[in-house]
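Here chain A shows up in two complexes: once beside chain B, once beside chain C.
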Partner chain A sequence: MKKMFITRDNLAALVKGLKNACDEFIAPKKGHLDDIIFEDTKAGGGELLEYDGNSIVSPRAFLLPQTEPLFEIKSAKASVFLPIRDNKERIFYGVRPCDIKALVIMRSFFLGEPVDGPYKDRLERSTFIALACGKSCSNNAFCCEMGAGPAAKEGFDLQLTAIKRGYIVDIGSNKGSRIVKGNKRLFSRPTPADEKEASQALKRLARGAKRIEYKKLAGIMKEDKVKESVWKDIGLRCVMCSGCITLCPTCSCFSVADRLNGDKGIRMRYCDGCPYAGFTRMAGGSAPFPRHQDHIRRFFEHKLNVDVERYGTPSCVGCARCIETCPGNISIKKVIDTILVENE
Partner chain B sequence: MMRRVLTTCPYCGVGCGFYLDVRDGRIVGVIPSKSNPVSKGYLCVKGWHAHEPVQHPDRLKSPLIKENGAFKEVSWEAALDYTAKRLGEIKAKYGPDSLAVCASARCTNEENFLMMKFARAAIGTNNVDHCARTCHAATVSGLNQSFGSGASTNSYDELPFMDCIFIIGSNPTEAHPIAGWRVRSAIDNGAKIIVCDPRRILAAESAEIYMQQYPGSDIAIINAMINYIVTQGLHDEDFIKKRTEGFEQLWEVVKDYTPESVKDITGVEPELIKRAASIYAKGKKSCIMYSLGMTEHTVGTDNVIAMANLAMVTGHVGREFSGVYPMRGQNNVQGGCDMGSLPNVYSGYQPVADEDTRKKFERAWGVGLPSKPGLTLTDMMEKAIEGSLKCFYIIGEDQLRTDPDTHMIERALSNLEFIVVHEIFLTETAKKADVVLPAASFAEKDGSFTCAERRFQRVRRAIPPLSGRTDGDIICEISKRLGYIMEPDPEKVCDEMASLTPMYAGVSFRRLEKNGLQWPVPSKDHPGTPVVHLDKFKRGLGKFIPVKNKPPAEIPDKEYPFILSTGRMLFHYNTGTMTTRVANILREYPRNFVQINPADAEKLGIKKQEKVRVRTRRGELVVSAEITDKIKRGVAWMPFHFTNEPTNVLTNSAFDPVCKTGEYKACAASIEKAE
Partner chain C sequence: MNNEYLPKRAVIEGIRDETFDVKTFTLRLKDKAGALKYKPGQFMILSLPGYGEAPFTFSSCPAKDGRFQISVKKIGSLTQAMHELGKNDAVGVRGPYGNSFPLDEMKNKDILFVAGGIGMAPLRSAIQHVFKNRKDYGKVEIIYGARTPQDMVYKEEIETWRNVPDTDIQLTVDMPDNAWGGACGVVCVLFPKIKLSPKNTITILCGPPVMIKFAIKDILKLGFKERSIYASLERYMKCGIGKCGHCYIKGKYVCVDGPNFSYAQMKELGVES
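Up next is the complex of A and B:
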């Protein structure tokens, strides 16, 4: 992979130029007090070119919003529908490697058959500039253990790694390459010392992180060897807030509903998923998994077992968003650790 | 265009903070604020979906006037002119006290201030009240007598570090989930939880002690706990001596309440009461958390006083990591009370009967004000039936679904000459109105809400009002037409309120920006008050007031053998006008039901999900049976969220004589298979 170098000043200039080349420039921005949230900064500015922590929401909030209109219903009776297209060109800046890995997994899901039109439209019009992590973003994050940090291996267009005199730039795609070519004067070749500094910074963060044996973990789950007490505890803790499935960068489930005012309205889709009993309840009221603990179990099994089989990687990227929003204090990291320890 | 608007959750009284995610004028989602001091990045299922009802197609957008029994859409001008004309006519014909205003715990502080100002200054009556009457009025009347202030004594952030949390008549997991998160954290930190509830709620599963009492027997349990604490010498003599008065009088009554003596009344083993008393008393950091399970009784005020007694006997109040936590039910029911949407007080609980106070408001408002306290909501209904109340101006409240004994409320509303309702959806009460004025939801207005830990927090406009006007705007327009000008700008209203209310003198929008402010805030540089009654109770000495156990107004008999209790579920909120318009939430629980114990079900031959008829002296309802061992034998429980199957046709309007709150939590009922 070809590496380039850019100074901090030149990065600011690059960002200024990129804003003109897109409809929305989605970047981390300071919200209330210490909150950091991805926001469109094209017009208002205020993006953080470098930041500690991570955005409260991942890029998923833009590619698969919590609720989104799919098409307009001009007349339900006459079956007249009008597509609602989102044709915005978006550049995502400062995306963390965990979220980049999540995007790779989401691409497999939404662009696999059957292809999801709205998601594909948005994804193809999106450019992702990643920002490798120099620091752990929170005490709960375990991206390095999940192989999703401190830098992304694939799935980005450009990736920046901060060093003292600027950034090392990895080019990850043709889109990324075009940005560099189009702004040649802003980039230069890194010195070997630069490259060494960057790789050492990344190693420092990853040091001590013990990779989770995800294949072993998936095996334990597949053979149904997880102790009942693990699921029981989770069942007592989960209060069905749906925060985990709303913030998880790899949760892809949704349902659709019509919002009609008489004959007119919209069809919308909305975030849906494991915690709800109604998610898998059938007409007539029977449920394949009536117990609440099994609904939450499904969330863990999907991330840590099913997706390992399907995509060869767990779909938990260790971002800790679910941990830090769970009113039941459920930690997927603790669940993983407990299962592995109890099955040693 | 994308905007992120930080605001405060419109559901329960916990007061969580989140951003509304607005894209091209459509609110597409909710983003929790990790920096919010109340919710710290956590939300419940209702909060996560708070955006969904806002732009629902069912929203009312234009004013409606009833003509020959049917609503007709009219212009704002026509609706406002007509409403003001009718109000003016009724006032001229029958006098100002023939009108009443029902303010709203769903609206902002500033709007509540305007509502009570409108009632008092523009109409000239103290007949203003709001739904605190149906929930925590007992807290205000009870804690006020014991401590001198009727609100939570301590703050949420102390909860995770308690040694013992005594939860009685409150279901934090479902009704106040982010307070529930703190209870969960306390459990994880090793706290001992005591749960006292007729239903084995989720917190009970992780509790050290679970006492399953009969609804309405709470005073017996608490007095028995005090009895055991004192006889075992676990009371805090020093605290009792220095900080309180009336202990002897309390003991005169409580000495007869041995744990053994209350076994039959409460249905709780004496040993459990003793252990609970011992854990609570011995904890260095013990608190009591309660909610409507205590207040919605004919003995609601006494229930609250009993808890205050328990806290004072053990010295578990008046310092950090202790206290009595009334969990307020609605986003701004604390604020509704604080702003003086009550018949006897102005903002900051300043009595209308006090001449100096009244003079102060008269000077500020430039108008003479009535001195006689007005009617409570409960009295308003009675006077409507009697005929002396002619007009009801209702803001964001659905009495036909929230008040006990629906049929009685129906009679009351039908008897009125003129009803105005502000609403965002066409509720059952709105259908009864002569004029419906389409209001704005939380996402369409600026202002503040005050949560259960007495914290003022900002509410910010994310989208313009769908109808074009907020409740505050509407009231000011009507007031203007009645010849009294009021300033509608929320920030200026807040300043006016602060200037007239010593307890909130330091409150301003600018100061609320960061973390809000916990009252009392007596001056512009005061930092707010996380813990009240430190060193000294608001009233000076804490007062022990002896209270005795009294059975509910209705007790089970041959014809009505069950005790029916009602309450809130996790997935729904009050009358369900908002939550039933959220796809995920409605799917979880689309219909009403009744919970009964398997033993009772077997005796009655009722199977799972079978339709049953629940009957009380006031009405009947056919719902499906949820058979669960989580509920005590002989007790039935129903949620109150379903407007098409309204539980309150069953509940009893018998009320607490002090605070006039109805007895939603216990009435006699029969259950049979519906053929």
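Up next is the complex of A and C:
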């Protein structure tokens, strides 16, 4: 992969230029609780070019919004529907490597046949500038153990790794290459010392991380060897708040509902998910999975077994958002460790 | 953008009352040049603006004129609203989705159809297809159970099926009335009357989950093979294209990988119905 170098001042100039060239510039900002929130800073500004930790909500929210219109209902009575198109060009700046890996998985899912049109539309008009991690973001994160950090291997257009005198820039796609070519004067070649500094910083961060044997884990789950007590315990803790599925960068389930005002309106989709008892319940009340522990069990099996089979990688990226938000103290990391230890 | 979620307009060309809570709707796309090219066992998603969408299996076999039928039991808000509609009213449809019944595998074999309640709707599509191509298939036995005689759908049509060569029809109800002349009890009470040989028969089941669960157990006891028994599974779904996640079972999506599964596949998925 070709590497370039950019100084902090030049990065600021690059961001200024990029903001003019897109419709939305999705970037990290300091929230009022001193935490990190991604938002469109094109008009308001205030984006952080560098930050510690990760955002509370993953950038998923801009590609698969909590609610989004699927099409317009021009007349409910006559069943006349009109397509809606999201034509916005978006640049995502400062996305963490774990969330970049999540986007790679989401791309495989939504763009796999049959294609999800609305997601594809947004994704193809998006540019991703990743920011490799310089520090561990929380005590709970285990991205390095999941092979999703501290730097992304693929899925970005550009990736920045901070060093003392600026950033090493990895070019990950033609889109990324075009940005560099179009702003030639802002970039230069990194020195061997620069590259060494960056790679050592990343290595330092990953040091001591024991890779989770995800294939072994998937095998245990596939063979149904997980002790019933694990799922029972999770079922008792889960309060169906949906915090995990809302913040998870790879959760993708949704429901559909109509919003009418008189004869006109929209059909919208909204994020939904397996913890809810009603997620699989049918009209008339029949429910194929009546036990709550089986609802939430699906969250773990999908991410840790099914997606390993389907995409060759677990779809948990170790960002720990679900762990930190869970009122029932459920930790996917502890679930993984427990299953692996109990099946040694 | 190709938006798979955008329904096509369809018009209700006919409505038939099957029972007090089931109506059969004959539909055709407004754009008559386009037709839903489906196979028996597949389903479509019906849109009723204001009420959303729900999946329905085609209850008629594919017709050249592009007309297709669905039989709708009044059970939730969308189906109740559907029952209020009249001839020439418009609805949205998209599809077809899912796999069909194993039509190729069924060829030259005897076929045992087991239906419970509104589960007869998807089977009717297959039965019509088999009768339309009668020489391609062996003997047919149809076992149909309903709660009461008044809950039986397609009553008149079923009587005409009795005249089709090599076809045997057995009916049962849970709660008979004075006029009922058939069997009494769940579908399983009719299984001792099955004359088809387990060796050369494909069984297709559709009905409420509890019926599927117990009927398969009893059919297996008669010596039928796990791979020769197919059931049409019913799950909540919102997209039909394997994205919304509602119908997911162990990595499979009922809407894409099903809704028709052999019992051998169902066992792999860990479901009984």
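By our rule, the second predicted complex is superposed on the first by the 344 of 344 C-alpha atoms of A that agree within 3 Å, B and C clash if a C-alpha of one lies under 4 Å from a C-alpha of the other, contacts with A are read in each partner's own complex, and residues count from 1 in each chain.
Just so it is clear, contacts are C-beta pairs under 8 Å (C-beta built on N, C-alpha and C of every residue); 3 or more make two chains touch, one makes a residue touch a chain.
Since the structure is predicted, the reported quantities are computational estimates derived from the model, not experimental observations.
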item	value
Superposition on chain A - do chain B and chain C clash or fit	fit
Partner chain in contact with A:Ala257 - chain B first, chain C second, else both or neither	both
First, second, both or neither for A:Ala61, with chain B first and chain C second	first
Contacts of A:Gln200 with chain B and chain C, given as first, second, both or neither	neither
Touching partner for A:Pro327 - first (chain B), second (chain C), both, neither	first
Touching partner for A:Thr191 - first (chain B), second (chain C), both, neither	neither
Contacts of A:Gly265 with chain B and chain C, given as first, second, both or neither	both
Chain B versus chain C as contact partner of A:Met240, first or second or both or neither	first
Where the C-alpha centre of chain A sits as vertex, the angle toward chain B and chain C in the overlay (nearest 10 degrees)	80
First (chain B), second (chain C), both or neither touched by A:Pro288	second
Nearest-approach distance, in Å, of chain C Cα atoms to those of chain B in the combined model	11
Contacts on chain A seen with chain B and repeated with chain C across the two complexes	255, 257, 260, 265, 272, 281
Residues of chain A touching chain B in the complex	24, 31-35, 37, 39-40, 56-57, 61, 65-69, 236-237, 239-243, 246, 255, 257, 259-261, 265, 270, 272, 276-278, 281, 285, 324-329
Touching residues on chain C, where the partner in the complex is chain A	1-7, 9-10, 47, 49-54, 75-79, 90-92, 208-209, 234-236, 238-239, 241-251, 256, 270-271, 273
Interface residues, chain A side, partner chain C - complex	70-71, 73, 75-81, 83, 85, 109-110, 114-118, 120-121, 224, 252-258, 260, 265, 267, 269, 272-274, 279-284, 286, 288, 298, 301-302, 305-306, 309-310
Chain A-facing residues of chain B, complex	2, 4, 6, 17, 19, 21, 23, 26, 28-36, 41-45, 47-49, 51-52, 56-58, 173-174, 177-178, 180-181, 184-185, 188, 202, 205-206, 514-515, 570-571, 583-584, 587-588, 609
